[in-house]
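Two complexes, one shared chain (subunit A), two partners (subunit B, subunit C).
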Partner chain A sequence: MVKYIVKRILVLIPILLAVSFVVFAILSFIPSDAARIMLGANAPQEAVDALRESLGLNDPFLVRYGNYMLNAFQGDFGNSYRSGQPVFDEILVRFPVTLKLAVFSILTVTIVGILLGVISAVKQRTVIDAIVTVLSMLAAAVPGFWLALMMMLLFASYMGFLPTYGIESWKSYIMPVIALSMPGIAELTRMTRSAMLETIGQDYVRTARSKGLREGLVMFRHALKNALMPIITVIGSNFGSLLGGSVVIETVFSLPGLGNLIVTSIRSKDDPMVMAGTLFVALIFCLILLAVDVAYALIDPRLRTRYVHQRKPRWRSKEVAAR
Partner chain B sequence: MTDEKNIAAKPAEWELEQDCIEEERFAFFRRLCENKTAVLGLILLTIIVGMALTASLWIPQEAVTTQDISVRFVAPCREFLFGTDGFGRDIFARVVYGARVSLFIAVSTIAISCLAGLVLGVGCGYLGGKFDAIVMRIVDVFMCLPPLLFSLSIVAALGNGMWKLILAVSITMTPYFTRVIRATVMSLTSMDYIEAARANGATHMHIILRHIIPNCLGPIIVEATINLSYMIMLAASLSFIGMGVVSPTPEWGAMLSEGREVMLDAPWVVLAPGLAIVITALSVNLLGDGIRDALDPRMKR
Partner chain C sequence: MKKALAAILTLAMLFSLAACSSGNGSADEGEGATEPRNDLTVILSSEFTTLDPQKLSANASINFCSNIFDGLVALDEENNVVPMLATDWEISPDGLDYTFHLREGVKFHNGNDLTAEDVKLSVERFRDNEWMAFASFAVDSCDIVDDYTVTIHLKFPYGNFLSMLWYCYIIDSDHYNSLSEEDFARNPVGTGAYQFVEWAPAQYVTLKANPDYWNGAPHIENLRFNFVSDSNTAMMALNTGEADLSFGVTPLNYKQAVEGGKLATDSTTGNNFYYINFNCDRISKEVRQAISYAIDRETFNVVINEDTGYLSDIALTEGQEGYTTDLTTYPYDPDKAMELLEQAGATDLSLTFYYDESSANTKMAQTLQSQLGAVGIELILEPVESGTWWSTFGNGDYDLSRSGYPMEAANTDSCYYDMFHSTGSFNVSRINNPELDALLDEARRELDSEKRNEIYIQVNQIMAEEAYYIPLYFSASLLVYNPDLQGVHALTSQNYQYKDMHW
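And then the complex of A and B:
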């Protein structure tokens, strides 16, 4: 298992290198003049030219990328054009906000989604099931940022008991978390419901029932546990889209998070900041995907044995046969 | 494989077989029509698309951009069904015309990324080998960034505008379609009828065009409709944070972005475009689920 994880982390390195290349290439498309931005519009042309030269902005693309990566390997991801500070200073200040937002949201998604899904499956074809299904259909169709606006109107402005902008206290997280987790809740509820319905019909559930196990125990021990695989997939993929979604939600609520930082940096053409921020998000995203795969292996004994015994030849032959 | 001689000898049986094939084709529509929520989605979507397409017949094009300071922030009334915004523009007209923009963006991104995904996915799944390995590694790299962030950086590089937004979102979504189509193609290539066609001396082109692609269409249609509402939201989100379609083009996300500043004084400015997104996404989702269930009845619960 450890071997597998280490292997996956090693695979991440070339992928992240490639991501850095792609993002660097995209950023160098932007017609911007970093030197002009740093010195202001009134600076003399000679000073701008000199700064361009010293920043290496006149070099060809591959040379600039090479230089950037050489510095990056030494832990230097450049300084922000705006503040002049090393970019990771800012990123590390901003990251906790995004992390808190994402973790609270994924917890909300997991708890509410699984709970509603299980209830809906257990009470199949009842009023409760119908209500949950309709609500999850609706929630899936509501864009998070619009929900955020509506909540701001309702709770913050008309009733005035939740803060609207920035971070004052834990209350500031309530609306962003709801807005961010709503699409995930909808998806997870539906997924849990259909996965549960599949396992509820299985023989082992009937056996568990017939041996006199309490219904709650049957549902959570037998039905839900076997339905976990698709549920984990959905939670994992949601964590990724939460990272993306937080860009919009942070902008709506003016939260000083990573997503907000990236958007404002894109607007102000602060390339080193965009580059480092995007790479950072990519790293987190990949680590989450890895964590999901590990969670699979931990939960499914069939997969676990595969990693422990490493039956590679048989695996390969199967792949060839599939072709 | 049906023998030529047999067909000539037993025309009745052959006709019966044709009937069965025909029935199988209609079975999809029959199952779709039996699904009440899918029909509801289809009706809603037809109304929305119909309103968008016929907009110029009953709302003058000028209403979308005409600014009239004397009617700023008029609450919804008979003259302005959804009220007016800060420039005195009729929000109803802008929402209806916005449907054109938003739906066009969503449909064209789906079309472009499906087509690109089809070419790459069929190439990967059918050819396998080096081509597959290389393309899949690139796909892995592209999928390393959350879709919204990736399309955001592309839009930032290309600049604002509808076509640039479409291009950005298409590039972002192509890897996801490639994955799905590749998996489908890989499961098809081991089928007996492909083997049989190959034994008959069919060229690769023939196999791909006549056997692989038609059999991929089901999963592609499902994937496309299910992702359509995601496209609408992605495009709206990007426009909302000011990286996509910008005002005065009446795109729903851009309208929300504009209305956000003034929503405390005039909440209707953000109400109508948002509801338009919700209803459109809802109807597309309902229809998408219906299509998925109808194409694959085993999935239905």
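And then the complex of A and C:
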């Protein structure tokens, strides 16, 4: 198991290299002038040229990429063009906010999504099932910014018990977390429902019932546990994208998160910030995927035995097929 | 299953109860107090990139810093140059040397005295940092005469020099030398009415009053500036009382505030001038004039600004050098436009409109497309990302484009040279008129304001006659604030001085 994890972490290196190259290339070939954007309409051309030169923007692409990677390997990811501060200073200020939002949201998604999914599978083709299905479709269809503004109107403006913006107290997180959770809840509810429906019809569930086990126990111990694989995949990928930050929700609630930072940096052509931000998000995403794979092994004994016993790494493709 | 549902419902109820009770607590604080408030919360629509006063890139941060820093001079509300850290000054007869006498006994927030050393360093950084080049292009060097006297030498005699000198905020040389550039950018120390307290990145900046301010202590003790980029959110925060003042709301939100009646509002001409550019290399004078008649600016103002903008035939406001109403104008007359197009032999025209994409610019493009369509011109829209617009407008591959330019309050030269001189860095209309170039060059070196005024009137008349661009409007400077706040009104420059505000 440990060997497997180490191997997976080593695979991260080429992945991140490839990401860095692709992002750097895209940024370089955008016909956009960082120096002019920074200095604005009224700056004299000589000043723009001087700044471009001092940022090293006149060097050829490969030279710039080489320099960037050399510095990056020594832990120097450069300074933001806009603020002049080391890029990770800003990323590390913002990551905790995004992390908190992501953790709270994924908890909400997991609890509510699985619960609703199970309920709607158990009560298949009843009014409750129909209501849950309609609600989850609605949750998937409602745009986040609209929901955010409506909640703001209701809870902040009319009722006045939640703050409109900022991250001053835990209350500030309630509305953003709800808005962020909605699409995830919808997806997970539908996924749980269909996965549960598959397992509910299986023989071992019938066996469990005929043993006289309580229905709740049958559902959560036997049926749900076997339906967990696709559920975990959904939770994992949701968590990964939540950690990348959400531009819309962060903007509406003025939260200092990662998504906002990366988009602002792209708009202002702050290449070092975009590079570092994307690499950071890519790294986190890969780590989450790794965690999901490890979770598979913990849940599914068949996979666990493969991790432990098999020598040849042939199982990889089989595992993918098994999903 | 029922148990689970019941548990969820209970939790939800507890949650809302807890939220309710603590919510009431905070509401009391605001209303129960009888003493005047001692704090002010301002909403800024974007964060600063730096608070290094010689690396400020946006007008918003330049204006913000005028509360922390002072310049040698400042502009008053009528745009006259008034003494600040310099009490008076002499100008050499050739207009090249400016000698400033500094105010004595002024202290920085850290207790250091203001001396000529600090001014010299500030002027040199003002000259050397690209961000300030738009204002410092005439500065050559700065010499210390004695502890309280400095001389600034110019590269050429520049009559408008003093009107740009307010951009040069004075920093403490000891403070600067004791920090790295990165730390200096986050720890501003000036001589201004407020001193810096804290900057929480992407959240807020707080300032507190400088009780020893040489020009009178401020009324309000604590200032808090929250960064809220979404205008709807800003409006809600103003409505709930979570914020007291914003000058960055959209025209639509501003109108809502006016109609809502709960918040105080004020509006005046802003300093951003918007216009549609012809590519004069490609479009002849006759066609330019014809198209000018086809434009109904009123509609643009309604569609883009909810009718809040200030229509203008000229890129200047009354009182500025070169302002005149004696101009060729092109009132909306589509029939005349079609007639002129026919005379020019330009029927079945198909033109491209190249612009940086934003919601306002898209509205502008669509309005332009429909108005030109009405006179039989097909307009092909070419939206690009704003950085791309910047880097490629120079190659001139467009028929029409649009621009907005931050006009100076008291300097016609720097804007006009940029926008209309053939070598100007913002000559989007690609004007190349030797007569105009000569006049602009002459005005740049003219020391007498009266004479400059006459030259610029001539410049404006030529440009209007040639119809190099279609003037649209100045955007409005909009202000929404707590009605209890006193000593505040909308300013063209948006250079709000919090020291004058009180409850």
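As a convention for this text, the second predicted complex is superposed on the first by the 282 of 323 C-alpha atoms of A that agree within 3 Å, B and C clash if a C-alpha of one lies under 4 Å from a C-alpha of the other, contacts with A are read in each partner's own complex, and residues count from 1 in each chain.
Assume a residue touches a chain if its C-beta (ideal position, glycine included) is under 8 Å from a C-beta of that chain, and two chains touch if they have at least 3 such contacts.
If you're wondering where the values come from, they're calculated on a predicted model, not measured in any experiment.
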- Partner chain(s) touched by A:S157 [first = subunit B, second = subunit C, both, neither]: both
- Once the structures are superposed on A, label A:L92 by its partner contacts, choosing first (subunit B), second (subunit C), both or neither. neither
- Message: Applying the document's definition of touch, where does A:V103 land relative to subunit B and subunit C: first, second, both, or neither?
- Response: neither
- Query: For A:M229, is the partner it touches subunit B (first), subunit C (second), both, or none of the two (neither)?
  - Reply: neither
- Message: Tell me the contact category for A:C286 with respect to subunit B and subunit C: first, second, both or neither.
- Response: first
- Identify the partner contact of A:L149: answer first if only subunit B is touched, second if only subunit C is, both if each is, neither if none is. both
- Check whether A:A140 is in contact with subunit B, with subunit C, with both or with neither, and answer first, second, both or neither. first
- Message: Just to be sure I read the superposition right, which of the two partners does A:I131 touch: subunit B = first, subunit C = second, or both, or neither?
- Response: neither
- Task: Would you please give the residues of subunit A that touch subunit B in one complex and also touch subunit C in the other complex?
- Result: 30, 149, 152-153, 157, 251-252, 267
- Complex contact set, residues of subunit C against subunit A: 1, 4, 8, 19-20, 22-24, 27, 49-50, 52, 55, 57-58, 130-131, 133-134, 137, 181-182, 185-186, 200-204, 226-230, 232-233, 236-237, 239-240, 242, 385-388, 390-392, 403-406, 414-415, 418, 425-426
- Message: Residue numbers of subunit B touching subunit A in their complex, please.
- Response: 128, 137-138, 140-142, 144-149, 152-154, 156-158, 186-187, 189-190, 229, 233, 236-237, 240-243, 256, 260, 263-264, 267, 270, 274, 277-279, 281-282, 285-286, 301
- Could you pull out which subunit A residues touch subunit B in their complex? 15-16, 18-19, 22-23, 26-27, 29-30, 137-138, 140-146, 149-150, 152-153, 157, 194, 197-198, 240-241, 243-245, 247-248, 251-252, 259, 262-263, 266-267, 274, 278, 281-282, 285-286, 321-323
- Message: Please output the residues of subunit A touching subunit C within their complex, sorted ascending.
- Response: 30-48, 50-51, 79-80, 82-86, 90, 93-94, 115, 119, 122, 149, 152-153, 156-157, 159-167, 171, 174, 216, 251-254, 256, 260-261, 267, 269
